[in-house]
Amino acid sequence: MTIGILKETKKGENRVSISPRIAKQLIDKGFNLIVEDDAGVDSSFNNKYYREVGAQIEQRGVVYKESDVLVMINPFNEDDLKLVNEGQVLISQLYHQSNPELIQTIASKKVSAFSMDAMPRISRAQEMDVLSSQSNLAGYKAVILGAYLMKKILPLMMTAAGTIKPARVLIYGVGVAGLQAIATAKRLGAIVAATDIRPETKEQVESLAAKFISVEGPQETSGDGYAKEASEDYAKRQREAVNKELFRSDLVITTAMVPGKKSPVLITKKQVERMKNGAVIIDLGAAQGGNCELSKLDKTIFYKGITIVGTTISPESVSTHASDLYSKNMYNFIMHLTENNELKWDLEDEITDSTLIVHKGEIRKP
Amino acid sequence: MSTALALIYLLSTVSFVVGLRLLGHPATANKGNRLAAGGMGLAILSTLFLHELEVPVKIYLLIGGAILLGGIVGALMAVNVKMTKMPELVSLFNGFGGASAALIGLVEFGKGAGDPQTAATITAGVVIGSLTFSGSLVAWGKLDGRVKSTVFIPQRNIINNLVLVGSIVLAVLLALGVVQDPVWIYVLVAAGLLYGILFVLPIGGADMPVVISLLNSMTGIAAAITGVLYSNKLMLIGGILVGSAGLILTFAMCRAMNRTLIAVVFGAFGEEAQAGGEARTVGGTVRKTTASDAAILLNYAKDVVIVPGYGLAVAQAQHVIHELEQLLTERGVVIRYAIHPVAGRMPGHMNVLLAESQVDYGLLVEMDDINPHFPQTDVVLVVGANDVVNPAAHNDPASPIYGMPILEVEHAKNIIVNKRSMNVGYAGIDNELFYNSKTAMLFGDAKAALTDLVAELKKL
Amino acid sequence: MSEWTDFFTSNQDLIFVLILAIFLGVELIKNIPAVLHTPLMSGANALSGVVVVGAILVMLNADPNNYLILGLGFVAVVLGIINVVGGFAVTGRMLNMFKKNGK
Amino acid sequence: MTIGILKETKKGENRVSISPRIAKQLIDKGFNLIVEDDAGVDSSFNNKYYREVGAQIEQRGVVYKESDVLVMINPFNEDDLKLVNEGQVLISQLYHQSNPELIQTIASKKVSAFSMDAMPRISRAQEMDVLSSQSNLAGYKAVILGAYLMKKILPLMMTAAGTIKPARVLIYGVGVAGLQAIATAKRLGAIVAATDIRPETKEQVESLAAKFISVEGPQETSGDGYAKEASEDYAKRQREAVNKELFRSDLVITTAMVPGKKSPVLITKKQVERMKNGAVIIDLGAAQGGNCELSKLDKTIFYKGITIVGTTISPESVSTHASDLYSKNMYNFIMHLTENNELKWDLEDEITDSTLIVHKGEIRKP
Amino acid sequence: MSTALALIYLLSTVSFVVGLRLLGHPATANKGNRLAAGGMGLAILSTLFLHELEVPVKIYLLIGGAILLGGIVGALMAVNVKMTKMPELVSLFNGFGGASAALIGLVEFGKGAGDPQTAATITAGVVIGSLTFSGSLVAWGKLDGRVKSTVFIPQRNIINNLVLVGSIVLAVLLALGVVQDPVWIYVLVAAGLLYGILFVLPIGGADMPVVISLLNSMTGIAAAITGVLYSNKLMLIGGILVGSAGLILTFAMCRAMNRTLIAVVFGAFGEEAQAGGEARTVGGTVRKTTASDAAILLNYAKDVVIVPGYGLAVAQAQHVIHELEQLLTERGVVIRYAIHPVAGRMPGHMNVLLAESQVDYGLLVEMDDINPHFPQTDVVLVVGANDVVNPAAHNDPASPIYGMPILEVEHAKNIIVNKRSMNVGYAGIDNELFYNSKTAMLFGDAKAALTDLVAELKKL
Amino acid sequence: MSEWTDFFTSNQDLIFVLILAIFLGVELIKNIPAVLHTPLMSGANALSGVVVVGAILVMLNADPNNYLILGLGFVAVVLGIINVVGGFAVTGRMLNMFKKNGK
């Protein structure tokens, strides 16, 4: 079976779906690997690293022609799809719920397509869960980005030139990214508070020695590890509970998402206006509309002394490690899907079933 | 008594005292045991050879034979017993001691009771000796499985107390000479035996060690009483030492099990040790351990692996675990942390935690590297982890975590698991590891439990 | 009543010895690590076998023709010695489990 | 006495020499304060904050006209000096040893000038030592900048998608900035090593739980707390000792300086070529020529996979706190210089003596 | 002896034993003291009133008078003595006890020595009693400053031993009846007195507590010997308890001072306690303390301030200090950290350090806020700080740090300073704080010393 | 020689008492925190005043006309009582220093 590794075409994307280390592991298992020219260069993986482990470097066209399986990180776009051939298998993140037309196009090409972001949230799938592995890095990098943009430092310092009070950091949404953001901000010495709609996150926040801001009144419950959409009533109570902390925060990182839905708006324009002069908001929910009313994807907005960064770019900015982790997820996924180097199409299996969006031209998930 | 004999007795007494003292510390216990044994041997031999009266050779031969016989039997029993059967053997031996005391009483009574004090001494020795004998035998039988579990006797407390009061009344009557027929002394023996049986029979198997210790203390008292009879200081002091030390030990054992002596003797009706929380589908008994036992186990291990989990983070016990690790390292234990990739609630949770307490990165080992090593590991200390060490991932295809790679701690020689209760972890499933016969559960908040552990370790 | 006060007066020494020994026993044992409970119990058990000295005295003082006494005494000695020898031996075995190579 | 606070004119400079908090303290002591319009805006200190504490906001010309003492952070330049009047007192950093012409011009204006960077390194002067207070922030920000630029993350993470090894950080020069850089990188979970020419720094490095790389052979000694220039022999031995660590480092921060001299070159082009692909060098010594042969002040250079940032900008980037600390130093200095709100010109005093470069038109320090 | 008296003596003996045991723990020591005192009172009264022989009223009056007189004098002395003068008072009291024993011996000898054993007992009592008397008086005088410092006697060991051997020979001769003239007993008293003086005189003042404890142990032995003389169990056991306990205590005190008993008695020629390292310009004596003393001081304080410095970082003791802080907080001590702006070697050094061990930011107090608070602080614990608490910054215009603001810990009620030696800090200057009479130095690496401190604290 | 073995034999009880008391003393005192050393020394000193019982016995048994003995006895009682009363009182004062308000 030949696996083709494509260079990402999305702007700002630095990652690559298979790193040289994982390429070696796949080759050792008996797979053929074709890597598009310079696919890894933005993750510090030059062509020579791939050659050293036994992969072939080819131009884009060749990769499309000779591969059985094509892997990418970002969704295949219209241009990419022009090059695919019937019977090929595509693996990438597809966000099929928000991209129905794309799924249609893929189906029309009579290919099969797996979506990495549809991975079920079960313990044994954790090693293939790219959302987890990438969000984790995003959480870290969001704090680094915030610290970089801030005109203040995070830790407490009592010095001969006076005392610098520790920065206050507020995290909205304590999923994978939120937790790592808490940990990173704590490490840097900030005073960290966090809030989430899922009450079970309180203990998790406290396990990182940060403060949890509970929302009074009836709680929303979660089922499969993901959050449900919040009621308007809840959103109001949440604002009341968090405002005191928000208005004295120096850095705010928002990561709240509801899968398949627009991100909830947690910080309104009115709230921003009451924030501390010089504060920074990093909105990691920007791609799904943003948790802050003012944020715009991939833009940095200055509004009345407040800096608002709408981004998803964080994992791309630590592309070496992000690619490493993505590759490892991909490796585990390929291992799960194949037997003797061939796909086994075990549709009974929960993981295969959930991730296989298009099967030989037929759409399995709406 | 000759001066030499008196001096030797004095020496033996001292050896008992010092021996007991040394027995109280792991590092010197062996020496203490040998010292006490030496003192005892000396006392026995000199009793024989420094005796002042003329004794016929026949009797010497008989005594010699008895000693030889007893010595060989005792030694063989001790050497051949399986490690796990030792407590019942101790119980059996203890019964023999009690019987010996009772027999001496019988003989002396047969010689004709002297003044009331002597008679009182004799009857006391007989009652105590015989009840220890029968009680110890029952305890032995229960531990050994010969006496089937707990026997339920209705109204047992009333019956027991009746028998006890009856024995005492009889003993007093005998002592005062009110009752004189020698038959009554045999009745007394019988009453003592009966009481011993009634006393031990209803007590649960898990509590047997406490009972044995209590009976042991009584044997000591019986020996002391015999000492009074012969104005023999060695027996008096030796017996009393055992009596008081045994009693304190009994209380200490109760405390270590979190029970009162009253509860052991009268209350707990054959219930087995039960852990808090709710065990779910997986059955079996759970073995609880204490900080001090766990400390000894770790201290005498050569190779220890710590498995941290989410509970370590919840308890914020990262600093204490590091202290424990350093302490063990100082004592020459090879120690490492096995980090499961999904331990905790976020990727790298354990890393953040352990980095904070400055645990050396070199000590953190990945799952795939440590798994082959567990069979050579003396002790695995699981702290607040659950799912990541759940063998159901391998064994139970129906389990939601089936197929997830885990830390295979069940292959280690000993497993200590610290968590607060029998509650489940993130995946919400029960963990058969906790019911493994190699596993000892150290219940409690991780920070508190590890702090205790460190304190105990420092005492060693 | 006076019999008992007499007893006390004439056995004063014994009683002092007794009291001191009780205290000494207590002091010696308190603060023992739990893991030593069982070996210590076993060691104390062996010590309680000191009753065998009494059994030997019975034999030594016995009328050589009173076979009942001789028999009872014989059994008493055998049982007592088993207690002593077996007791110390078992304790020794238990304690050996604590030994550590190279420590 | 009237103190005039000027807006910094240097490009990229965001700080202000007196923050509103310190302005209040000075006003409480009885000084008059005139603040140039928008002087603090880049440090998140709007005019209104100054007004609130009782300072006057004026245009530049007014400030120059009405003040007895003029304070700034960066050296007064030719343009500034055109506006000063005879008898005024200037306080700022002057770097008089490297700027003899500037000192000439100042003297020609018949004014007096104190230089904050000439503060003696004695215990009681620590509270006025702006080099210390600013280097400290620079050390912190250098790590944040490095972490921001890196394509890797700093901490160790053992995750379901594989293990990320901790980044290796190497610090050259363990002065104030170097120490804070060590502390910050350690906090983020990196493996940190450091080297310095002064042997007493070994214990200091170890007191932050980092590794010290000792240079074999005869040591160079330090006298007044500052380093001497290293011999060529020492430099060679240093390269040998550090190379192993350098070639596996992911982030290198250089802070080595010798006062009044060009910064020593510690990383040659040849060495850079052997560094790990993707590594980042932050050269805080760039203003004095740089510790890395390739670095250029205020430029980011990409050379064969290595990113080399030549900067001094770090404290400016945390302008709020940097201004706060600078102001406090300034406050302590003004308190030291004055009695009953007037300058006391106590030339016997070591601090006054060392910092007073030009006295009423006369140059005191060459 | 009447049964009642015997019973009471038994009771008193038990009260002594239990009293001593309770005295060994800070929480129960007071109770122990009262219990032992009660037992003693009981014994004295019943000795008087349950005496069986006919005794003339005159004698009763005399005894009563003596008790009244002694009681009043003793009580007055005890109540009026200054806190700091207590050790010398104990020494004086001890001497009186010895004298009492010697006097009893004299009287009994006067009645005519009986068998050699009795005579031996008497002479032993006389010698020991009189040497304790004179030795205690000398010790008292030295502590009190009445006897001027150390007196140098050439060849003292030889002379001492000659006197000792002479006394013993004389005592034996008297016991065996070889020498019979009653004058010799007075010579014996004189010899004992002389030996006591010679024994104590050359020992340094700092070692006096050890000597007093040793002499105390001897008084106990003298009392026990007197007990043998009268076959009085109470005196025998009480005396022996004091004798053996006193001896162990003596060793313990030596250990706490890091010395051997031999060194105290024969070696150290009047040298005062000297700390390691090199003290420079500032003079005075340094008071050393131990982890256990420091622990008690902290435990019984209400308000404690910790001053961390560079040494805390060097020792990487941030986790232990946090543990200490938490432990004290649990016990109701109000505790804070005073952070000097230039503590350590970089701005914020202490902050980085304490943040790592998760010390609550709220507990860190800035210099200007904490300085006014020191006069109300019970204990300041300075850990590895030096320059930042050096009063020379205020007092000594010549000092290179003159004018630097410092943490004014010298105003606190007690100061404990932990560092490894008397070495200087960054500024390279000596620190008179360490010679302050309120300061106790806890020498050792900060991590090790604090770990000990925590361990001691847990015992309380 | 035999005198001394006789002495041992006839005073056996006393000697056992002695040995036990010695051990008991040792066990009671080991592991005392250093800060209690001084109070404990003081308490032990008070206990050693038990010698006053002997002094009282001397007086009680004295010939009412032997003024030397009466005098010596009187002094012995006075000194002994000072030791006892003063000793316990001082110990009490020392221990009071450990008391903590509200604890």
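Going by the order they are written in, the chains are A, B, C, D, E and F; count residues from 1 in each one.
Convention: a residue touches a chain if its C-beta (ideal position, glycine included) is under 8 Å from a C-beta of that chain, and two chains touch if they have at least 3 such contacts.
Keep in mind that what you see is a predicted model, and the values were worked out from it rather than measured.
> Which contact partners do subunit B and subunit F have in common?
Neighbours common to subunit B and subunit F are C, E.
> Is the contact between copies subunit B and subunit E built from the same residues on both sides or from different ones, judged by whether over half of the numbers are shared?
same
> What's the farthest chain from subunit A if centres are computed as the mean of the Cα atoms?
When every chain centre is compared against subunit A, the largest gap points to F.
> Taking each chain's centre as the mean of its CA atoms, which one is farthest from the centre of subunit C?
D
> When I count C-beta pairs in contact, which pair ends up with more: C-E or D-E?
Result of the comparison of C-E and D-E: D-E.
> Quick check: how many Å separate the C-alpha centres of subunit B and subunit D?
68
> How many angstrom lie between the CA centroids of subunit B and subunit E, rounded to a whole number?
Between these chains, centre-to-centre, one finds 41 Å.
> From the mean C-alpha coordinate of subunit A to that of subunit D, what's the distance rounded to whole Å?
So the centre of subunit A lies 38 Å away from the centre of subunit D.
> Out of subunit F, which residues touch more than one other chain, so two or more?
In subunit F, 13-14, 16-17, 20-21, 23-24, 27-28 touch at least two other chains.
> Could you pull out the residues of subunit E that touch at least 2 other chains?
17, 21, 233, 237, 316, 341-342, 347-348, 352, 355-356, 358, in rising order.
> By residue number and range, which residues of subunit D touch two or more other chains?
126-127, 132-133, 136, 155, 157, 159-162, 164, 187, 189, 209, in rising order.
> Mind listing each pair of touching chains for me?
A-B, A-D, A-E, B-C, B-D, B-E, B-F, C-E, C-F, D-E, E-F
> Touching residues of subunit A toward subunit D in the complex: what are they?
Counting only subunit A, the residues touching subunit D are 14, 42-44, 46, 126-127, 129-130, 132-133, 136-137, 140-141, 144-145, 147-148, 150-153, 155, 157, 159-162, 164, 184, 187-189, 277-278, 305, 317-321, 324-326, 328-329, 332.
> Provide the residue numbers of subunit C that touch subunit B in the complex, in ascending order.
3, 7, 14, 17-18, 21-26, 28-62, 64, 68-70, 72-103
> Which positions of subunit D touch subunit B when the two form their complex?
The touching residues are 155-164, 166, 189, 191, 209.
> Could you please specify the touching residues of subunit F with respect to subunit B in the complex?
Residue list for subunit F touching subunit B: 5-6, 8-9, 12-13, 15-16, 19-20, 23, 27.
> Can you name the residues of subunit E that touch subunit F in the complex?
It comes out as residues 16-17, 19-21, 23-26, 29-30, 32-34, 36-37, 40, 43-44, 47-48, 51, 53, 55-56, 58-59, 62-63, 65-67, 69-71, 73-75, 77-79, 81, 83, 86-87, 89-90, 93-94, 96-97, 99-101, 103-104, 106-108, 110, 116-117, 209, 212-213, 216-217, 219-220, 222-224, 226-246, 248-249, 252-253, 256, 290, 292-293, 295-297, 300, 302, 332, 456, 459-460.
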